[in-house]
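You will see chain A twice below: alongside chain B first, and alongside chain C after that.
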Partner chain A sequence: MFKRLVIRPNSYYDSIALMRLTQTVRNIDKMVAAQVGMATELNKDAVREMGFVGEELKAATANDLIVALVAETEDALDKGEQVIKENLERPTRQEPGTKEPKAYATLSEAAAMDGAGIAAISVPGEYAARETRAALANGLHVFLFSDNVSLEDEVALKKLGQENGLFVMGPDCGTAVVGGLGLGFANKVRPGKIGIVAASGTGMQQVMTIIDMLGEGISEAIGTGGRDLSMEVGGITSKMGLAVLERDPNTAVKVLISKPPHPDVRESLIKMLDEGTKPAVVCFMGEDIKEADKRRSGKVLYAGDLEEAAILAYQSAGGDSKGRLYSDDELSEMVKAIVARGDSRGYFRGLYGGGTLCQETMTLLSRMGIDVYSNIAWDRRLLLEDPEESRGNACIDMGDDYFTQGKPHPMLEPGMRVPRYLAEAGRKDVGILLFDVILGYGCHSDPAGIMAEAVKEARRIRKDMGQGLVQIAVIVGTMRDPQGLEEQEAILRDAGAIVLSSNRAAGDLVAGLIKAQGGKKPCLR
Partner chain B sequence: MLTVKNWPPKGGVINVGGGVFAEAMKEQGAEVYEVKWQPPAHGKVELIDILDKLQGRDDIDEANQKAIERFSSAKPVLIDIGIAREVVPGFDDRMLLHAGPPITWDKMSGPLRGAVIGAILYEGWADSPEEAEEIASKGDIQYSPCHEHSAVGPMAGVVSPRMPVFILENTTHGNRSYCTLNEGLGKVLRYGAYSDEVLDRLRWMETVLAPIVKEAIELSGGIDLTSMIAQALHMGDEVHNRNRAGTSLLIRALVPYLIQVDYPQADIKRCLEFINSNDHFFLNLSMPAVKAMLEAAHGVPKSSIVTIMARNGTEFGIKVSGLGNQWFTGPAQIVKGLYFPGRSEEDGNPDIGDSAITETSGVGGFAMADAIPIVQFVGGTPEDAIRFSEKMYSITTTESKHFNIPILNFRGTPTGIDIRKVVETGILPQINTGIAHKDPGVGQVGAGLVNPPWECFEKAIVAFGKKYANGS
Partner chain C sequence: MNSYLVAVQHGTGFDRVSKCKETYRVHSVFDAAVNLVAESGFLTILPLRRGCGKDCVTVAVSGGFSFFALGISPGDEVRMSAPSKLRLGETTVVDFSGSRRWRSPLEAIDCVPSIRDENMTVLESAVTLNGVDPLSGEAFDSDTYRAGLGSAGVLSDIRGALLHNDEKRLETALARIIGFGPGLTPSGDDLVLGISLTRAVYGRFVQSASDIWEAGVRKNLDKTCDLSAFFIREALEGSAHEVIERALVCLLRGEPCETVDAVNKLISVGATSGCDIGLGMYLALDWQRRYDWCSKGW
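So, the complex of A and B:
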């Protein structure tokens, strides 16, 4: 085994670029392990785990780049270093005469140009609060993608923003559409009458894309970050967002999406919506709709899932009274056809990039009496002991911290799921595989292409085993997304996957297939 | 309660962090202001805490404005030449001045040792290099930084009592600055050479060159150096690594008076040939000129502006206006650049000389966009030269009132290095410099670019925080 450690002092690169690069280097032939990252304590630990030690490593700071490579041959190490060099040095080389876009050293320096109204911040969490403060001090709204910001900081920042009439969307805010511009991971949706406030990025994307599919569009979509409706934060951003939508002349219907809020916060939000002049749709994911709520002012409609939220909003905005995206008949036909082929015998395994979609599937199945194990289960009995090891019917959130420590998020790098996907495919007791494919700006440029290869490989594996397999893809996107919805769907269908554009429908299909097997319940511990 | 300003936000988006998102927004046609973000203060929590207490402070900003005002209103004029021992403040009989922060013989690098040996021989304190070395190491010579005597010296920067020095006066504030006359290229004392050829030249400079030029300066009634530097910058100099234009302008200013001095024609001719053959003659005037300006800006309480950057070949040291006479030092760095044929980085001595005073004042490497002809020293393109200068605006307080950059739409050069900005951005000042051979007596082996070590700024911000974090 050959090893190499290179530390480049004072060479900062953003973590997304480095994680992608790490992935590329790991794929080099004969490369055993690779880590390209800034010398944060976390990354240094990862490098130590690869067996590297020394004073140089110890002394390296967050501004120093570490390259740690382990390979079977010296050549692979050289190749790795070369790939890294090419990749990192490419942007700084340019032909004479070409103008490089101006880069600013600090947020305040950029703000002094007086050209911007909002800052999109995606720096490592420990620095995010400081950058947010600088943005607010410069009178900028903030879209805060970074996670790992303390709750204490979140409360302080949101209060500071509120005092100054400025939004703090986030931390951990994946998506927003502001004045027609998509921030973070954002689908290209048509402009329209529906405004969204959402505590979940993929939840927002699912609702936006279905609304788009139905023919309506989005006025504004305001992300809040997952903790906004906690007792501590008190829904500061959500309330500001709803107030903006209430006043916005382009918005006819307000949509609010979140995990179940703290009861006090829930009450004040519902009161606010009830007192508003516009119809509203709320979807508190995983919460059972309360009878008491249904009897209130009637301005607020309650949706049990994301697809329903999109449909109710569409109808409230004057759309025809369409039913679900896929009718019950359509879905039961699909179930019948699959069962007749005998492909679906075995457990269901879902490998998600979107955490909210993962959660939604678990909720849907549990409502139908099917227990689903997960690495993010709220029910302790269903929590997987080891996220690497599925059991029974299981849904894995591959975007969870456990899987993304020093690795790219599956929305950026859908291929990180492939080894796990193929491992599941190789298990005799598994019959149904499900994964999501998320399109939009900021996401991978060809997620379907990557997953289609995995689908084909899984089919090959199953053929060798002499067993069938159902592979279902949930695709979240629009026709105008840079990846192209139809193109991406076609790639997956050609590979042999069943493609659905609603996660709810996928849940229904999976439930139908499990029930058709006799509703086999996993044995609980 | 729930009022929201500027919504939906007008204008573009500032992107801080992931380039993926900047690209995605640009793809949608948005105006994106990209911040090339890196962890502030090298990610050191204790430094970030200090920074947070020092930023957005009106009192510090005002102090910096005051320091800048003193700097900008200073008017350095070449008024005379004198003998170091007689005119430089605080000079003693057995004292040698040197470049950079304080240093002892045992820590001196090759070129500085060579220059010390040469100066001892020149002064006649020893008859042989061996004897000179013994004297130098025994402690009966007092070594003192030029900067502590209002003087500056390029490379080794050694000034001995007998040496003639230019005298400059800041006619606004009355302070003076001093610098030796430049000896030319090749085997010279400032690169640590001490052969007979070097010593003979020094003696000729003392006895012929200095008196003749002194008389010409007197006849001229004084030469305004601010405007001469400003003109040189427009002629391709950055007055640190390129001084061809400045030297030419000086000759133009001197000649009408040189022809009037009462000395033999042959001596005057030789003086002119000497100055004319040395593109760097003007360096020993650009340096003390900006030194006089920066010294006027030093000592403003609460000012976080750097007033000295200097290297002794072993250590790099800086001083900060509001932090009195304390040096903040770190190891001198190896210069990256173009080495003369047959030379390589292995021959190079770590960074040396007081000439980084030019960068401290916003010229030199900071005015690289003025000196596109020499960007090839570092294998760069004209675009690189522009970028070097542009980058320095991120760590400076203002733009120069006197010195500007035509290609940047006559923008003033980046002026007033703020230690807070250096620590925040991690961007270190860019210095153009010559490279000395690591062994005494060999001379220059190349030229290139170098940065101060980060430690200088880290130590300075800690000291600044200690003194001013609580607004005292």
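So, the complex of A and C:
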């Protein structure tokens, strides 16, 4: 018989790993016995009974791992030791990548690189204006991800860019697709005939992904930053973007997405679109569309929500006449089924990473006569005094500055929402939870995976409380996104969430559930 | 590479590190757990699905997440880098700002518990089905109930020593199981943990004149690894991981259907730990039912 003793000082491995390893080693041909465990006195006694002696064994302490092998051949021992080595020496530190991207000391140095056309800037706000000026001076368009840039700086930078024929997309610009290249949080969408200009990152993503789902694609998607359509900025980037789309031979339809602009800016934009040669779709989130506007002849179509904007753009680009992504019948069947289970009794709480999606839900519910409290409500009556404390039916933008000061945005780290999500799940007066899951480049690698764990935990909490809970996920993504749309949807469904691809549909479903409880006020147990 | 973990809930044990009372280091890193260690004991970081405990914090990660990806190693320094932010090594931050305080399921036990036969049957079946030999004669009074605890007659010795209030005999018997068996926490330790926790829960309502069980266990804790000894010490003081506490609460208060669920979760802990702890609970409850041992000053 051949024997070998291996002692690994201060080594800890979980029991399941040790058990599997022991079994694997025992299965090696000609292996007679294998013992793997902590070197306690009793375990050392067991090893001694296998015929092991010596100072090394005597010196081993209860915090050391002991491996004792007995085999018919030396070769079997070698194999056993090799298997143990491979399994126990798993590196805990990430090895540095072999292919490091080249780093430049300054923006000017990077700008000198052959073929550079756009600078993506995401330095802290106080330095962002300086770096943007440097980029513009080097003839680069700018994708300005940074926030906390003053309005004065924004105006000055955009004017400087405009004079030089250069875009300043931002500040606080979340998404753009330029020449097929995604910037910021961008989905992998198919190339196509629809061009977008948007003052909202997640709004743009929702429209792009629905267009992609319908079978059409994106020519260019230009982000402007949330203040572009204010009176001060005057829509400089939006107008430049719409002009580019007008000239672009690949673009057949223009889409403009924003919260309601300053009236003067709105007028000039609509005029510009009307005077263009291509059809245009406009979605001013939160704005009540006047029937007169809807019926207006001309090239501009008005959408009341992001899904409708995508569908109108798709139809204008020659797509077949589609209704909603989810029909009224489908949604009302879902409402009926949920109500029959009695799961939805209680207030609705939406916890969003995407601010525009949060705003859209509030707008949709408001149009149906349902008041929704929020930390970003425009109506002062509905503004939450304390963003940490929901009341009534509420929608929280967890990507708002209040929640992201010194912390990652929920699109980067979806776990940021989980404590609040579970706190809401633990409230007896809550019956419906809604959250968004944003896919694409730049976002978390497995957002559904994290939220699915929260969904399961929420179910457990509610089971203990003896109450049901409706959990709805809106997933914004495409089949080609790195996270995989179908995989992410399946993870959420398996966890017990209702998964929808349209925030509008989620809003309709929530409205149906609230109304089924008897209107604005929930029927509490 | 930097990793940001969001804490969802944490037990009171984490006050020791958050109030900078002690210097902690990373003790060990597993696929689904990170242990931190300081002079006073251990703290464990777990994914949400694994539940919490007095000395645990649960973090929001996806089902497939591995803590090996954090790039931290045993010995790495653990420090508060900002209020409610705990830095592990150079790469990982745990954000406690939204974390809720964990509440022990054992708080639900507010009077001397009664032991329901149906629940004992649930536990007996689960333990039997999961590797413990079928009962022979008295419940679990088998000399070789499982390979890891093969020492002849050890359970009979323990029971006998308790019945006769024989401190020396108990100490000797415990020396034959503490630190014995496979796994990070040896099988024998897990069994002792199950008995200790159950006894501690009864101890809240029963004044003991003496306590040879606790004394005997404490005297033998130097025979096992530090981590396992810590868990046993905590059990003697009436706390354990949530899954263990929940199973005990269900056994003492729950309906059989919810007990099945809780016991199944207990049994699935570790490779053999859950089963061994369940066996310990069964023994403690069975002795209580037969001999009222927790009330007799053992």
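The definition used in the following text is that the second predicted complex is superposed on the first by the 412 of 525 C-alpha atoms of A that agree within 3 Å, B and C clash if a C-alpha of one lies under 4 Å from a C-alpha of the other, contacts with A are read in each partner's own complex, and residues count from 1 in each chain.
Here is the rule we use: a contact is a pair of C-beta atoms (placed from the backbone, for glycine too) under 8 Å apart; a residue touches a chain by one contact, two chains touch by 3 or more.
The model shown is predicted, which means the values in this text are computed figures rather than measured ones.
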Next on the checklist: If we overlay the two complexes on their shared chain A, which of chain B and chain C does A:Ser374 touch? Say first, second, both or neither.
Outcome noted: neither
Checklist entry - Where does A:Asn164 make contact in the superposed view: on chain B (first), on chain C (second), on both, or on neither? => result first
Next on the checklist: With both complexes superposed on chain A, which partner does A:Lys239 reach: first (chain B), second (chain C), both or neither?
Outcome noted: first
Item to check | Touched partner set for A:Ser501, first chain B, second chain C, both or neither | outcome: neither
Item to check | If touched residues of chain A are counted for chain B and for chain C, the larger one | outcome: B
Next on the checklist: Touch test for A:Ile16: chain B only (first), chain C only (second), both, or neither?
Outcome noted: both
Next on the checklist: Contacts for A:Ala454 in the overlay, against chain B (first) and chain C (second): which applies, first, second, both or neither?
Outcome noted: second
Next on the checklist: Looking at A:Gly406 after the superposition, I want to know if it touches chain B, chain C, both of them or none. Which is it: first, second, both, neither?
Outcome noted: second
Checklist entry - Is A:Pro482 touching the first partner chain B, the second partner chain C, both, or neither of them? => result first
Next on the checklist: Looking at A:Thr40, would you say it contacts chain B, chain C, both, or neither? Reply first, second, both or neither.
Outcome noted: both
Next on the checklist: Using the superposition on chain A as set up above, list the residues of chain A that contact both chain B and chain C.
Outcome noted: 10, 12, 14-17, 38, 40, 62-63, 94
Next on the checklist: Under the definition above, what is the set of chain C residues touching chain A in their complex?
Outcome noted: 1, 4-9, 27-33, 35, 47-49, 59-65, 68-74, 82, 91, 95, 97-100, 176-186, 188, 222-228, 270-273
Item to check | Parts of chain A lying in touch with chain B, wherever the complex brings them together | outcome: 10, 12, 14-17, 38, 40, 61-63, 94, 96-97, 100-107, 109-111, 113, 115-124, 127, 130-131, 135, 137, 139-141, 145-146, 162, 164-167, 178-184, 186, 188, 220, 239-240, 243-244, 412, 441-442, 482
Item to check | Residue ranges of chain B touching chain A (in the complex, touch as defined) | outcome: 2-21, 24-25, 27-28, 30-31, 33-40, 42-44, 48, 52, 56, 381-383, 387, 391, 394-395, 424-427, 454
Checklist entry - In their shared complex, at which residues does chain A touch chain C? => result 10, 12-19, 22, 35-38, 40-43, 46, 62-63, 90-94, 406-408, 413-416, 418-420, 422-423, 446, 448-450, 452-454, 456-457, 491
